[in-house]
């Protein structure tokens, strides 16, 4: 962290800032320019009382130099990243195998979710997803999920998907909307809680999830920068919770042809530079176009996703919600197969990619040793 | 609403769609092209079971032609809009007077909020704002408000601002984060509940607020289109609730100099074309730059805002949160004064502006009567 | 195209619109609602004088229903798309093989571009790229390319890259900035002209390129919607020019970690739904982060790109421009290899993907035949 | 400017960076942390050979601390900004009076532009605008302006608007598309050249305009950050040219109701913090909705614009281009009047606003003098 002093700050003000920081146990350095003085702060920045420093006389701005998230951050080195495994039931995300999570947008009936579970199982998926309370951008859509009326309806709806998941050996992933419902989800036997895009910055919900033992899939908000999102993810993890899965589901952009824009650059950054948490890609919401889910899911895997989330339905033409983006059974089967082949290739290519990210060091060393050869001749 | 049939849809499928709509009490029309058939639906579209229609065989897409929000929509005509008044305590928003709501980002102590209330009163403001539980984009900011630890702390924090408001005759506006807390806010005597930007699409919270008697200020999410936002506002109003206030607080854009981008085009559209609800502008969050709050607030009023929200603090240099965007007392006084002058001018200019939006009709009539004069000669 | 009439439009006005359209050789249909009348227009919409229709009395708006671009559009069917081949010199883009175009951001000297060409050749690339006049967002960057001072310098700079390309059997791709320079590029023996992102909507330049025999790579502007971009591409093609290559190089978004956001959903849409033109992906500009170029390029290929553009340099640490995003030789070699493997897999997976996009028709047929089985039971 | 050294940079590398900078005539400072070393550079940063520094061994990144644009930047102090006047013919922009520039989207015929000029004069406008070559997002719009076919047609088109302007004593503002046409514009007697949004980053055109004696209105590109735009403006000014006018005409955002989003926060920043150049607001393109031009133009003035650009037409219902956003004569008259009243109020309010931006210094002084009173008690 750099503390930028105002142009008119006095020497005493600078000294007071340094003293304050020393008192808090930080080391400092100083850069005194003609116009601007910067005070560098060293130590565990996550312990810095930012507000108190910013309020000191003469301070203009705090400029972060290193990352503000610690628990969500990458451990290991660029060429040897350490990936953290997160289990959904018995299924391990972020390990050697790609995890495929599929199911209908919403649980509509026992028959439908049973059929859906059979479909996912047969296609080769490992987890079953399905919403019991649904977001709807219009209050007039007429369907907000089996569990939308009260706690009893929520319990019944959750019971249906849990039953279907157990019948077919598929751990279940269900989205939550209300922090007051966490215990209901836990008691119902759901295996993983999902935070949807509209709740990505829902502080009350994120705080509440700090203490659930269940793994959490936290979808990135559509207006969140890559690292700003990781700070919201960090919020769930501050108390020590570790079983969190990142999810890129599309962000805003000038693009209007697809519903959202899948950000594969951030997927790659999450996996290879910024975080050790498993990264999921959800191309159903990311494109909102059924027939584009296949190529964009594969793009997400090739960028670094190790978990796939897709909507699929025994017959999306009769789905009660978001049917236009749900896969047909034949499409799901084709995609599961294609996704696994893509993952295998991605893993194989990592063997040459990861060593190559360290090459810069070699060049720096060689440049030092042989300046004549590498430095640009002035044309 | 238009129902667009697929290219390969059969006549029977089109007929089935029409039959279904008639059965639901809607009238229909039909447009049969060489490639595409469109079925028009007439009647109260808010009653249309969109999902059921979309699932019918042969249907490709539903294309909205008129607005999907009814209760949040403008009543009256463009040249004679009808504005709906919403009271916060005894203060009437959306009436003849500009309403000025000010206060600190967060309630920090009894002393601080009392001083702040005095400041707001002295400056000429009508309502007191202040957060008791605060959003923080980083979980390491060290301050999430007096009421962030548990319900008891929340009650105590709310009591402080309510006391300060009553002491100075200022109704109070406080942000809520958790749907489980609505009753606590009501019982504490808060006069208006605010929904912050990160919760703009928080369905559980919006649904819960349908039944509060308190007025609600609903801030626009930073990734929401003008009308998509009105659909989320409509959600609170579906059960008959009417006392809702719109709030433009800045949206995302390529602009990085200010924290967000105040969208005055939407402010103008809300007031003059789309809605009858009062429109607030919050330039503190909209710019995130203390010294830009003044000109952008005035811009918002000139565009059509009738309510102003700003952060102000007895000394923002020592504020526990967002001090960089809070106004100093002298700045608040200057702004209240300037805002009232701007509002007076805006109201006066409406007298010539509103009649001018109807001028197109006259031209159409004259063009019909005298084609020779108005139609373009082909150069 | 639909012509939406104003609410207050008279029957005579509607009739006049229909008459006008018939006079222009179009067929029409009509949808008369209680409030709104729509006139449908059938025929080759690219011939419709939009302005003249919009100016007719009573017309409110023209609503496009089918696509406004014709020449850039997909021929064939979703399950059997027809791809158009575009040759750069002897290298065929959009055919069976992935085309890899690489080279330095800018041509710096004869020695540097020769070394770069050798590097590209050795790594397995097919075309050489390099700028002779460079965009720089700051006028103080100190380097705008060898050819930036006048036409003579431009000729000399172009001669260097053409010589290097010929020496190593690599057709050359060079960006153009000024419409007045097209002939200079043609005469210099450049094999392909590139339009950079800042010129994506440069009408004078696009118009001028209509008549060049050289193939053109047209990069998508960072604020252009998927289809709005295709309309700008269409501009070059209106006179019959066919050898144009699309290029996704990243668009704007809330993401600030990478320089731009590679939009793989649009890449997939270009290849599988909207266009038959070859699609390039440029992950160097798309990410602006050297070590992310590898995974995002592969993501682009898996989404449907058949051409790869990357910046590579004998030693990017000494590059005169954009060195931070240029690949090291070892990285280029690893990427060319990985890209070809990814392309092979993509092509193989197309064999199951393409048939699956037609599956919807089967479901519609089966639903018709057996309604009881497919239609949703009401809970 | 800060030079951030890599984590693994050696002391010798740091020393080499300092030596290089000293050799170039810059002073330096140093901040040595446990992990990161920063070298501060002092002096006229616009003379720094950024590329050469970035290529030195051990350098990771250059971090700008002060502004990269010098000539476009604000002179004076926040409380006493110095505004630079730019003359269009005899009309002074950026002085005591608001300048109102109006006219049709395109010059259609002598009769039309004469009528338009009369309208602008009668309404109280000071300059006449009108395009002779027009941008069209679709190549099939059928109308690209009188001057779109060749140089002769361009000369004839320019002659029409110049004649109309002179007839009514209105200096003329005409957009240019091709750098090859600058001399044609100068010779035709046009009084001001406009750069449209699609050409905001057109380097060849901006470079060419460095040497025109005519004033230039440079519209902000819709994907440009506030300060990134000023860097493109700076490009025209590097050779000493001073007569440039900024123009905010709307940027991209999630908002889809209006055509673009007028960024009043940047307008305020341009006028009160970043630049001394006159600032224009163009709400015709900024909203694309005729009836919203009035309130958003006034918002722009209240934010700080001193120049207004609007499209107006004797009868926009028959305009050949962009008629939907052109003002009717009655609307233009109402707006000119309202704009002048708004400007008068803005100027009056500046008298209390400008002193208030300096208040922070007083607080800092008082806090120093009386810490007990101002520092936050720890509740």
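Remarks
Letters are used for the chains, namely A, B, C and D, taken in the order the chains are written, and counting of residues starts over at 1 for each.
The rule is short, and it goes like this: contacts are C-beta pairs under 8 Å (C-beta built on N, C-alpha and C of every residue); 3 or more make two chains touch, one makes a residue touch a chain.
Since the model is a prediction, treat every value here as computed from it, not as a measurement.
Interface equivalence for A-D, evaluated over B-C, B-D or A-C, points to B-C, where over half of the contact pairs coincide by residue number. With centres defined as mean CA coordinates, subunit B is found 29 Å away from subunit A. Annotation: 38 Å between the Cα-based centres of subunit B and subunit C.
Of all residues in subunit C, those that touch two or more other chains are 55, 57, 222-223, 252, 254, 256, 317-318, 320, 364, 367, 376. With chains as nodes and touching pairs as edges, the resulting graph is complete, every pair of chains being joined. If you check the complex, the residues on subunit A that touch subunit B are 46-52, 54-55, 57, 68, 133, 135-144, 177-180, 198-199, 201-204, 221-223, 228, 231-232, 234-235, 238, 252, 317-321, 323-324.
Residues of subunit D that touch subunit A in their complex: 2, 4, 6, 8, 13, 27, 29-36, 38, 40, 42, 55, 57-58, 65-66, 223, 252, 254, 361, 364, 367-368, 376. Subunit D contributes residues 78, 108-109, 111-112, 146, 222-227, 250-258, 260-269, 271-274, 283, 286-287, 289-292, 294-296, 298-304, 315, 317-318, 320, 328, 330-331, 334, 337-338, 341-342, 345-346, 349, 352-353, 356-357, 359-360, 363-364, 367, 374-377, 379 to its touches with subunit B in the complex.
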